[in-house]
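Please find the structures below.
In the two complexes that follow, subunit A is the common piece, with subunit B as its partner first and subunit C second.
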Partner chain A sequence: MTAPALVAILLFVEIPFLMSVLYSFTKWNGLDKAVKFIGIANYAELMTTDPGFGSAMIFTLLFTVLAVAATNVIALLLAVILDANIRGKNVLRAAFYIPNIISLIIIGYVWRFIFSRGFDSFGALTHLGVFQLSWLGDFHLVFFSVVLVTVWQSIGFYMVIYIAGLQTVPREQIEAAVIDGTGPVNRFFRITLPLILPSVTVAVFYSLSNALKTFDVIFSLTFGGPGTATTSIALDIYKTAFSDSRFGYGSAKSVVLFLLILAVTVFQLTAFKRREVQA
Partner chain B sequence: MNRRTLRGGRRPRGALAITLVMTALALIYLYPLILVVINSLKTFSEIMSNVVALPSRLNGENFSNAFTLMRYPNLFLNTLLVTCMGTAGVVLLASIAGFKLSRTRTRYSWLVFLVCVAPMMIPFHSFMISLVKIARNLHLTNSIWGLGVIYWGLGVPLSLFMYHGFVKTVPTDLDDCASIDGCSPLRAFFQVILPLLQPVTVSVIVINAMWMWNDFLLPLLVLSGAKKSMTLQLAAYNFFGQYKIEWQNAMAGVLLTITPAIIFYLVLQRHIIKGMVAGAVKG
Partner chain C sequence: MKRFLLTAGLIVLCGALLTGQAKTLKLFFYSPELTDQYNDMARAYQAETGITLDITVNQADYVTLLRAKLNSGDIPDVFMSSAYADNSTYKDYVYDLTNADFMKSLEPSALSGVTVNGRVTGYPFLVQSHSFIYNKKVFADAGITALPRTIAEYGAVAGKLQAKGIQPFATGYKEWWVLPQTAWQVLAPIRDSYAGGYAGFVDKLNSGALKFKDIKEMSTVFDVLDLIKKYGGPKPMESDFNDQCSLLATGKVGIGHQGNWAEGSILKTNPDASIGFLLGPVAGSASKAGIMYDSNQTIRVAKDGSNVPAALAWLRWLTTSAYGKSWIPDKIQQLSPIKGAKASSAQLAQATVNLLAAKTPSYPWFYQMFPTGTEQGLGIILQGYCAGQTNRQQTLDAMDASYTKIVNASK
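Here is the complex of A and B:
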């Protein structure tokens, strides 16, 4: 009874993954029958002589740090506000969740429209400097545009995870703290936050692994440009394999991406789980 | 066990002010999407002169343009077909295997379980290159059916994991009863066990359907070239990929592409939120 599931998984995930590991030691253009074994030459190239991969690595890491931090702080803040007993909270939650049900590729295109046509009009109406900047053309600014769009799209999802966590916090504990005269800020950091650490672990884990493999939004918003300013590792893999037809080299990059995500998330999980136990 | 009565409690001070501020924030937050709706009803020159202004007159011309340019009915059916076929396959494969692996307690079954859920740690981008090659060799490329089959392999691990955990809450007595009554194992599963797994099934359907409907990269890699087998997300890419974008039609195209997902969300909102949280927390 398990065979069909096992076959599907092996065929479409695990065998291709193992093949990618093998191909990462070869020179292969994806079409030829001839696959030439070249040892660790691909790995040596991506570590030393490929400025594209280096900059993709730096972009991805910086992007991950900023996107994960912003996403989780804003989502947690929203969750705390919309967990309180206020009128219309369900409609408000639904509103903030909406961008999350739209495909990332469409999100990128919508924001390309906003950054180009929309900001022109906002600028003409308000004469504010922020709208006159080139949010997709400026080599430095575009980094923040990509972060902004990513955070905008994803906070709804993380808000929902945090709300689910907040609902497990026993009311008595909060009320006891209120009676003891603890202020709202203290209450949040000393009681609520330690109690919802499992949700923090989950949310940070997901935002981390999604940020490290970010692809779709960049594909439609900037396609990695201008130049290579917003080329993430995943997009770099795509371009190496399917634009430059260097399948072997692209496979080496994809193995590096796998190891990077594995290392970062395992480190995060162990670090966060340890604190959970203490709390 | 009503959560709303358990929680809730007093309304905090200034509740009304919070509601008003949050409503204003939500409107600003969703303003990009509101602009898409407004501009989908404008002419090209109206968009170029001012994005914020409302259309001078309502016309559905952009929608009919986008409708024909995208060959909407055709692509809608394609996307629906991939989503349904992929999701149905994942539910079927994952529920059976998850049940079986949860019930058999041998070292061998534990190993199979690990092999089945390991892909949750493998990002798609690190095996997509070889996946395209395998798909080509199996003649699964340029076909909507082929794409649906590939989704089985990609979707099963997380779903199997969710079923595997939930099956433990179903008493084994039920399996025994069914087999004493002369049920074949497969029939016992479909008639007795699967209905009890319904909460997971809902989550699994929601997670997989939303993902497959919105997925872009796999269809791009697998369906490249063939014009008649395309999904809506690929059509959006073609719209915006042009050098000179016809914004008015593109905006209408965006709305046509996202409306089915929005309706799905509005109808099944509670299940979707619950399913997404379940998938995240258990995954």
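Here is the complex of A and C:
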């Protein structure tokens, strides 16, 4: 029964992946019919003489820390609010989810417009300094702009995961805590949070791997700029392969990115699984 | 009856497929601003010959898509690329046009960018020029009559515009391709300082004998970039192509570095805009200030397809037919590489023709001789400089490192 699925996965995932591992040992510009095998030279270059990859790595790690933390905290907060009995919660849930179903490339272009033209108009109306800053042009600020757009786009998805988790928390335990006189903050941290840890595990896992691979929003919002201020590893790979015409070297970088994501997420999953409890 | 219908249907379908195959030419182009003109040309060609041109147009991802197509065997009959370094990039795929009869009808100067060892590897499509574009009304209103050609004069003009409350420059610094065009124009007279001109200069860079940090003219490049940024408004790093065009069109800025391809977008915003070219400041004497003028956008015929004769017939038609000859000057409104083609009425094309006629220095797009990939790589490094991410020394070192890497990779 699983044979067709297996064939499909082999054909479209495993074989291309193995091919790119193979290409990572070659020197190939992506076009020439001759491909030259050069052993581990690509990996050696990557480790020793490529400051671009190093800075992309640093950017990606900082971005991941901030984006994962912000996404999960805000999504959880929204989930708690929208799980309570408030008016119009379905409309609000939909509103927060909508950015998630828009193409990331479009979102990048929309925000590019908001940051430049939109902020110009707001600035002219309100004279607030925050709108007069160059959110996409200042190489320090642009980091936060990219994080902001990414978080804005993705919280809807994680909010849904957390709402689903919150609905599995047994009412009687909450009620028992209320009767025992536990305050809302304690109730959340002592009862609700431990019980929804499986959701936290899933949400952090997804947001981690997505943040480490981040590409689309940056591609359309800043194209990694100004300079290399927002070049993530994935964008660096894209530029290496398609702009510098170094397919082999780009493949080597993607193998490294794969190993990085694998290591981080395996560590995260084992660490989080250990803390999960049963109600 | 049913079976008869089915058979008849199949025959018709096969017939349509067969004839369709013989009479369709697949073209893969960039410059989406010319989509209407491409389609107009395709309609005229179909009307005259019955052959359908199936044109796909893309910009942002053009190179990536083209590579995917070439690699996967879905090779378009005709595609576009840059000239110079791209001649070798696509060497395994392009048809040699050296002996094609219609190539003799093109200006020899337009062929220099596509000729490798005496072989003509592509068909020069358009002749384009870039330099600083200025809004004539803004200049007149500010009382500027003497057009600037040195950095000092540009600085003085910018100061005057600023004093009038007009932003002097729209930088275009958000686009990675505007920066190198602006920067390399400053370096253009360098052909006089090296044996063998640009080829000698680029050979030295490629062999590593010359480094960017050793080119003393680079300090002038940085001076120009700094000047534009200083007078480039409150958010100079956020200005893109659209921003440049709309600000120039509406007279909210006086000057922007762009090419004649920007005219369409400028006039779309303001049909009455009156614009012209300024001579770009260069490293060296003021008399060397000029414009960058070349045929870079190149049409290439894929050599492995069964449609090579049809593709050649189309290019012959484009070069020799009445419609073909008037297509670039009249419809595209740019300069044509065909011998004796009439001049376009477009303002920037006219400005180019007039400047050339007045023997103003014009320089080829020599930076296209740098290995493929350096245009974007160096552009991004220059962008980092303009954003303040790196200082001059760090920028030069980064340029050398990036250039060396790409040269080594293309060996």
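The working rule: the second predicted complex is superposed on the first by the 269 of 279 C-alpha atoms of A that agree within 3 Å, B and C clash if a C-alpha of one lies under 4 Å from a C-alpha of the other, contacts with A are read in each partner's own complex, and residues count from 1 in each chain.
Keep in mind that, in the parts below, a residue touches a chain if its C-beta (ideal position, glycine included) is under 8 Å from a C-beta of that chain, and two chains touch if they have at least 3 such contacts.
All of these numbers come straight from a predicted model, not from anything done at the bench.
Asker: With both complexes overlaid on chain A, does A:Thr182 touch subunit B (first), subunit C (second), both or neither?
Answerer: neither
Asker: Kindly classify A:Gln268 by the partners it touches after superposition: subunit B alone (first), subunit C alone (second), both, or neither?
Answerer: Neither partner.
Asker: Is A:Leu6 touching anything from subunit B or subunit C once the two structures are fitted on A? First, second, both or neither.
Answerer: The answer is first: A:Leu6 touches subunit B but not subunit C.
Asker: Please name the chain, subunit B or subunit C, that touches the greater number of residues in subunit A.
Answerer: Greater contact footprint in residues on subunit A: B.
Asker: Looking at A:Gly30 after the superposition, I want to know if it touches subunit B, subunit C, both of them or none. Which is it: first, second, both, neither?
Answerer: Both: A:Gly30 reaches subunit B and subunit C.
Asker: In the superposed arrangement, what residues of subunit A touch both subunit B and subunit C?
Answerer: In subunit A, positions 30, 242 sit in both the subunit B and subunit C interfaces.
Asker: Flag every residue of subunit A that touches subunit B in the complex, lowest number first.
Answerer: Touching subunit B from subunit A are residues 1-2, 4-6, 8-17, 19-20, 23, 30, 81-82, 84-89, 92, 94-99, 101-106, 109-114, 117-118, 120-122, 124-125, 152, 157, 160-161, 164, 167, 171, 199, 202-203, 206, 209, 212-213, 215-216, 219-220, 233-234, 237-238, 241-242, 247, 250-251, 254-255, 257-258, 261-262, 265.
Asker: For the complex, give me every residue of subunit A touching subunit C.
Answerer: It is residues 27, 29-33, 49-52, 115-116, 132, 134, 136-139, 223-229, 239, 242-246, 249 of subunit A that touch subunit C.
Asker: In the complex formed with subunit A, which residues of subunit C make contact?
Answerer: 63-64, 67, 70-71, 89-90, 92-93, 173-174, 176, 234-238, 243, 372-373, 376-377, 380-381, 383-390, 398, 401-402, 405-406, 409-410
Asker: Taking the touch rule as given, give the residues of subunit B at its contact with subunit A in the complex, in rising order.
Answerer: The touching residues are 3, 6-12, 15-16, 18-19, 22-23, 26, 29-30, 32-33, 35-36, 39, 47-48, 50-52, 89, 93-94, 96-97, 99-101, 112, 115-116, 118-119, 121-131, 133-134, 138, 149-150, 152-154, 156-157, 160, 185-186, 189, 210, 213-217, 221, 233, 236-237, 239-240, 247, 250-251, 254, 257-258, 261-262, 264-265, 269, 272-273, 276-277, 280-281.
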